[in-house]
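Before any comments, here is the structure.
Labels run A, B, C and D following the written order; every chain starts at residue 1.
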Amino acid sequence: MVKEKENSKFPPLVDGKSQYDLTSGKYLRVWQGPQHPGITGNMSLELTICGDEIIDCKTHVGYLHRGFEKLMERRKYIQCFPVVCRICVPEPDFNEYLFAACTEELAGIQIPERAEWIRTLNLEMARLTSFLMWIGGQAGSFGMGTIGQWTVTLRDYMLDLFEELTGGRIYHMYMLPGGVRADFPPGWINKLLDTLKTVEKTLDDVELAMMHNAVFKMRAKGLGIITPDMVDKYGITGPNARAAGVARDIRKDSPYLVYDKLDFEIVTGTKSDAYGRCEVRIKEMYQSIDLIRQIVEKMPKEGPFFTKLPNVLHWRIPAGHTYKRAECTRGEYGFYVQSDGSDKPRRTYVRGPSYTHAVALMEHLAIRTNIADTAGLMVSLHTYPPEIER
Amino acid sequence: MTEFNELSRQFQISDLKEQRADLHFFHASKEHAVAVLTSLKEKYGYTHLVFFTVVDHLEKNEFHLTYMLHNYEKHHDMGVVVKIARENVQMESIHHLWPAAATYQQEIREMYGVEFPGSPGLYENFALEGWEDIPPMRRDFDTKEYSDKTYYPRPGRESHDPREYMKENLYPGEAETW
Amino acid sequence: MSLKDIIAPFSVWKRALEKPYTNRKPIETRPGADRYRGFHQNAIDQCIGCGTCEEICQNNAIDLVPLEGKTSSHGDSGLRPKIDYGRCCWCALCVDICPTGSLGMSNEYIWITTDPEDFRFIPGGESKPWDDRAEGYRRAEGYDLLEAERVEMPMLSFEESQKSFIEMVQGYSKEQAMEEADRCVACGICIATCPAHMDVPAYIEAIRNDDMGEGLKIVYNANPLPASCGRVCSHACEYVCAMKHKGEAISIRWLKRYIIDQIYLGDYKEILKSADESNGKKIAVIGSGPGGLSAAYYLRLLGYEITVFDANEKAGGMLRYGIPEYRLPYEQVDKDVEYIRQLGVTINQDLKIGVDRDFKSLYDEYDAIFFSTGLKDPYGLEIAGEDLPGVQSGLDILDEVTKGKTPDIGKSVVVVGGGNVAMDAARTSRRYGAEVTILYRRREVDMPADEEEIHESQGEGCKLVTQAIPLRVEKGDSTRLKLFFGMAEMVDQGEGQRPKPVLIEGSEEVIECDSVITAIGQEADYSFIPEEIGKNLVFNRGMVQINEFRQTGDSKIFAGGDIANRKRDAISAIADGHSAAKGIDIYLTNFKEK
Amino acid sequence: MLTSILTKALYTLISFFVILNYSLLLLGTMARVRAKVQGRIGQPVWQPYIDIIKNNARRSGVTHGIMFYLGPVFRLAGGLGTYFFIPVIFGSKIFANFSFSGDVLLVMYFIFFGQLGMALGAGESGHPYSPIGVARGLAQMTAFELPFSLAVIAVAAQYGSFSITEIVAAQQGGWQNWVAFTNPFAMAAGMLAFLGMSMNNPFSIVIAPQEIPIGPPTEMHSSFLGMLQTNRAIFNGAKMVLFMNLFFGGAAHPNIFIALGIMIMKTFLIYLYVVFVGVSFPRFRTEQSIRFFLGVPTLLGLIAVIQQMI
């Protein structure tokens, strides 16, 4: 946020909210979205602008509210499995993993070791894939379509891998309670490693053209600064917090799956503005590539990948509740599942990182930025609306 | 659990349950809940509000407000469950502790009808614009009934129960259960 | 800002020299991956229409609909899944759970038509270009949502079992029963095949819920002799079980037994519905076998006064006198009978109609008569020497054993026949220490006895000789008898007919033995029915002709059990009794002149 | 008199026809070049024809004010006006168009004119956000007009003429006579302004869908859009020819076809330069681009003018 200026142009702030009179003719109210290329998905920002500057921002969601949490109350545990992945389009695997993990914990199921490795591999691939989509959005939101075209292609290469492994490109529906659905197809690992090489090479090009770009720097530096003291206030997690120098990474802090067997460092930055967040994310992409290679190397080469479940048609899970979290590209992704002992979950709560980032934080950061930067700011927070309105 | 033991001397809290080594749940009374949360945040390092939600226990006529806090030093989660009756629900707001909580409270008011006096933007629409029915996340809101009422089923769909169908075809007149 | 920041961006032009990422005609050149989840395929003849896919579909995208050319038959509902692709989310859970493995997904994902209705079709039933596609999603090896193996039943070892009459099958523990019940997909295909149409999925669900009372109620709705049935039922249901297509059928019979074993007879009264107030009408039931008892039970529930007449010392008919104790302990028969008796049914033992009591007097005294007297007279071998001492019928042996006598069988026994009676006689003989050989005319696969009976009899040391036709019996030298038999070859009888054994001329072998036990079938004895009533009844190849209400040619007389149906097993008799009860009720309420 | 008017009209039509088709193909080609950098195969080169034909075949189902309909007409008029006063090929009667002694001033006016018409039209579209796009467009245009004008003034001062034909004539006789080499500061200022004029990155904020709420490009649909696309081709052609004439010696050869070849080569390179920068950079915000134009390019323009004064 720009430092409070004593400028008569801006209306006074009370409780962090601008006090303005729309009828004065000095202000214009503009809706950005829900159909807008500069918005990450179907949500909209109600912006009040004075000249080119935003003086008030209000996030509106609900355009794709499908009520997943409510839907799951009517579905058996196994039937929830195809539902959860739809909560987040670019990164569905985290939903699958967390739902499966919560269910397994409540039901007291231990999955085979190889399944854990495969899941980790899948999650890292999902992270990389999601980052590739984000980077295109970040470049595109500042008008650099070239980068976007490249990375979306790379994402498609990753999706090809997912398609071959899981049978689906976007919604993989692969990690279900008990393990995963299938083993690697023959030759898949080699293809994965080849694709990683391509991604790495192009990523070098992207970094050169984007992070060393005069215009990009002019646009991104100083945009939407998150200070370390805001992190807990707004519940900021993931690269948004790490770019501010707050070294928190669930993969390291409370390792899940096999992350404790992998060798990596938490990536941090010094200043969390749009540019700083880009830097962290690009480093994390390299990190993901490295992690995938480590996993391929270290994982057991064979073994079972699925544990027998009770008959899923009448599977009842003992009463109890639990919360599981994982580090997705945007920060902390969590599932809270409460079972009442029946065959359907009583309550599933999805804690998406975008919930805090795109609403409270975005509304705060947008104030006094240029209206043309809204898209760039929004993308730099890396938010996906379906997580907000599960 | 030292935090629990210390807090229980001061506040009405009970039913500590260890779900995992790094996840505990306990119940707090409605009156003391916000004070407990404040202590956890200020004194015990639970600075991160992971989420705040409601679980509807319709049969018991209770809402379980569930606050999840995380301690980044110890990497430990603490779930604070507050049971309140379902009618005319009001709860103290925690937006002064975490500004982000206002969003949670706004959503909870919309989805469950729990009021948080003083929370900013509480009465603004969150996801449901123009909603007139009862708060939809309550368990007494029947989504199936709502969708049957609101949308048209695709005509021409008809399914058969194998057992009924086989009965009709294979032993229509025979006695079975009566 | 450095000079690098201005120059570096132009590095993007490097890509202009490289091969483009895109394809020229993606639609033509890019098939889905081998595992792609595209449009469904269904092997329509392998599918049994069990509806498990419909059950698991979280989107309600699957309907079960009749398909032209498919009719309901035992083990096939005749329905096939029809998928609404407007709702399908391509999760493939239906493929994963399909018990027959008929459902799969092709890797085809492009299909264009202008009519939205086209996107609702029966995979495999309506021809589509991808029907024969080899690529596509299939359930992977090592991943399964259903359990193909049944929970092993604790049994006495063969060494143990052949020494005594202790029940061989020991019954499931609670955990085992719940685990086994959990395997059921609750499709209900078995209901049609069960002669009594018991609601199998419902009582299996009661086991899953650990609600034995509910289970007992469901069982008694269609079967008042469950303790016996849970042990010796011919379990036609298990042959059509959907899970049998995957591996082993659910142990339906033993799960039923499990329910009964959990509840004391004394508690039945509180759980089951009691009989209605007496309505003053009286019914006579002749024969206390499963048919008679079943009719008596259901009629009693409706408030009729029932008198059962039975020629034996104890009630139960063939359940008691035809089945050895190691398969069906007598106290289990007692449990079933006792509850029916407690309900207010009068059972007169040791009273033979036609000898001790005149059939005509019953006919006059009672409002209706149900008779289910069973097949009592064994067929003879019709060969020379069959009247020599030592040649006896299997039923007689079993009967004697039940009555507590030691049968006179000697040290070595030849059992002739391939049915359950033959197996029972053979195994009973083993328990008296005899060497046993079983002779059967056809092949092992043709044997009418239950699979496990054949298996167990061999396990207990009975020798099985198939395709053997007895020729004559002579007095033996060292042993009591010598049985001469010839070998047979199977001659094809054309389609739909089972092959017929024909004696190979000149082949002749001999076995020396002390006893020859014949168990090649029995026939009914209708001599107790007086001529004036008998002329109204119609008999066909030894069987009473009845209509769907089990009513005979005489409107007041109903019949059922082995004398009236060809299945000749306990559960069919029970079903007959039940239907007859319904028939009698309808008859007495609506048609009988007061 | 009549004959000469008719001949002139015929020549102008031929010239118009040639430049229209050339520009459309050039647009298609450049789209493919851009696609190549982005790792795609890209659209067919004749895609602009398809778009124009398709859009012109459609009719609007809604009505707006008269100004809305006139917007694209003004725009087209601006494009045509720009083109008709620029001699395409030096010394050719057919491609001389209506060149006269003060034509460079008129051309500069027409470059502005179309935008103004568009602004008025979009203003009446009823879309409340059009003003944002219009304001951005006009602000940025005003900014790049400054270095551009300075460059033109420097060139005019150098040759003492406001006639494009004369400016081209003065540059004949080899590449060393081109303004690009005789007056490099003017060329630099002009070419930087040209980046802004062609509304490619980094100066594309006016037409950027990401950074403004939906504006004129969506409002103008059907045949309006077709008209705008036609104009875009003509206007682009006109601008490139203008810059070729002003700074790169124009196109001149006794053989008309070789002269056309030279024109095509030069304009292609001029356009490629725009694309070259365009695909490599993101875009400036409005105030950033204004600052940019008022900075280095204006300075260069001033230096050029001062150089000529001295």
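Of note:
Note that in this section a contact is a pair of C-beta atoms (placed from the backbone, for glycine too) under 8 Å apart; a residue touches a chain by one contact, two chains touch by 3 or more.
Protein names from UniProt, one per chain: D = NADH-quinone oxidoreductase subunit H.
As the structure is a computational prediction, the values presented were derived from the model and not from experiment.
Central chain by Cα centroid: A, whose mean Cα position is closest to the mean of all protein Cα atoms.
Looking at which of B-C and C-D shares more C-beta pairs in contact, the answer is the pair B-C. If you average the Cα atoms of subunit B and of subunit D, the two centres end up 61 Å apart.
One finds 49 Å separating the Cα centroids of subunit B and subunit C.
A separation of 88 Å divides the Cα centre of subunit C from that of subunit D. Separating the CA-averaged centres of subunit A and subunit C is a span of 55 Å.
Residue positions of subunit B touching 2 or more other chains: none. Residues of subunit C in contact with two or more other chains: 9, 12, 15, 21-22.
Taken residue by residue, subunit A touches two or more other chains at 146, 150, 153, 209, 213-216, 218, whereas all remaining positions touch fewer.
Here, these are the chain pairs in contact: A-B, A-C, A-D, B-C, C-D.
Across the complex, subunit A meets subunit D through its residues 28, 30-32, 35-38, 52, 139-146, 149-150, 153, 209, 213-216, 218-219, 370-376.
Subunit B makes touch with subunit A in their complex at residues 19-20, 22-23, 25, 47-51, 53, 55-57, 66, 68, 72, 75, 77, 79, 98-100, 102-103, 120, 124-129, 136-137, 139, 141, 143-144. If you check the complex, the residues on subunit A that touch subunit B are 15-17, 58, 60-62, 65, 67, 69-71, 73-74, 105, 232-235, 237, 248, 253-254, 320-323, 325, 332, 334, 336, 338, 346-347, 349, 351, 355-356, 359-361, 364, 388-389. Chain contact summary for the complex, subunit A toward subunit C: residues 75-76, 78-83, 86, 146-147, 150, 153, 156, 160, 163-168, 171, 173, 179-183, 185, 205, 208-209, 212-218, 304-306, 308-314.
Note for the complex: subunit B touches subunit C at residues 154, 156-163, 165-167, 169-171, 173-178.
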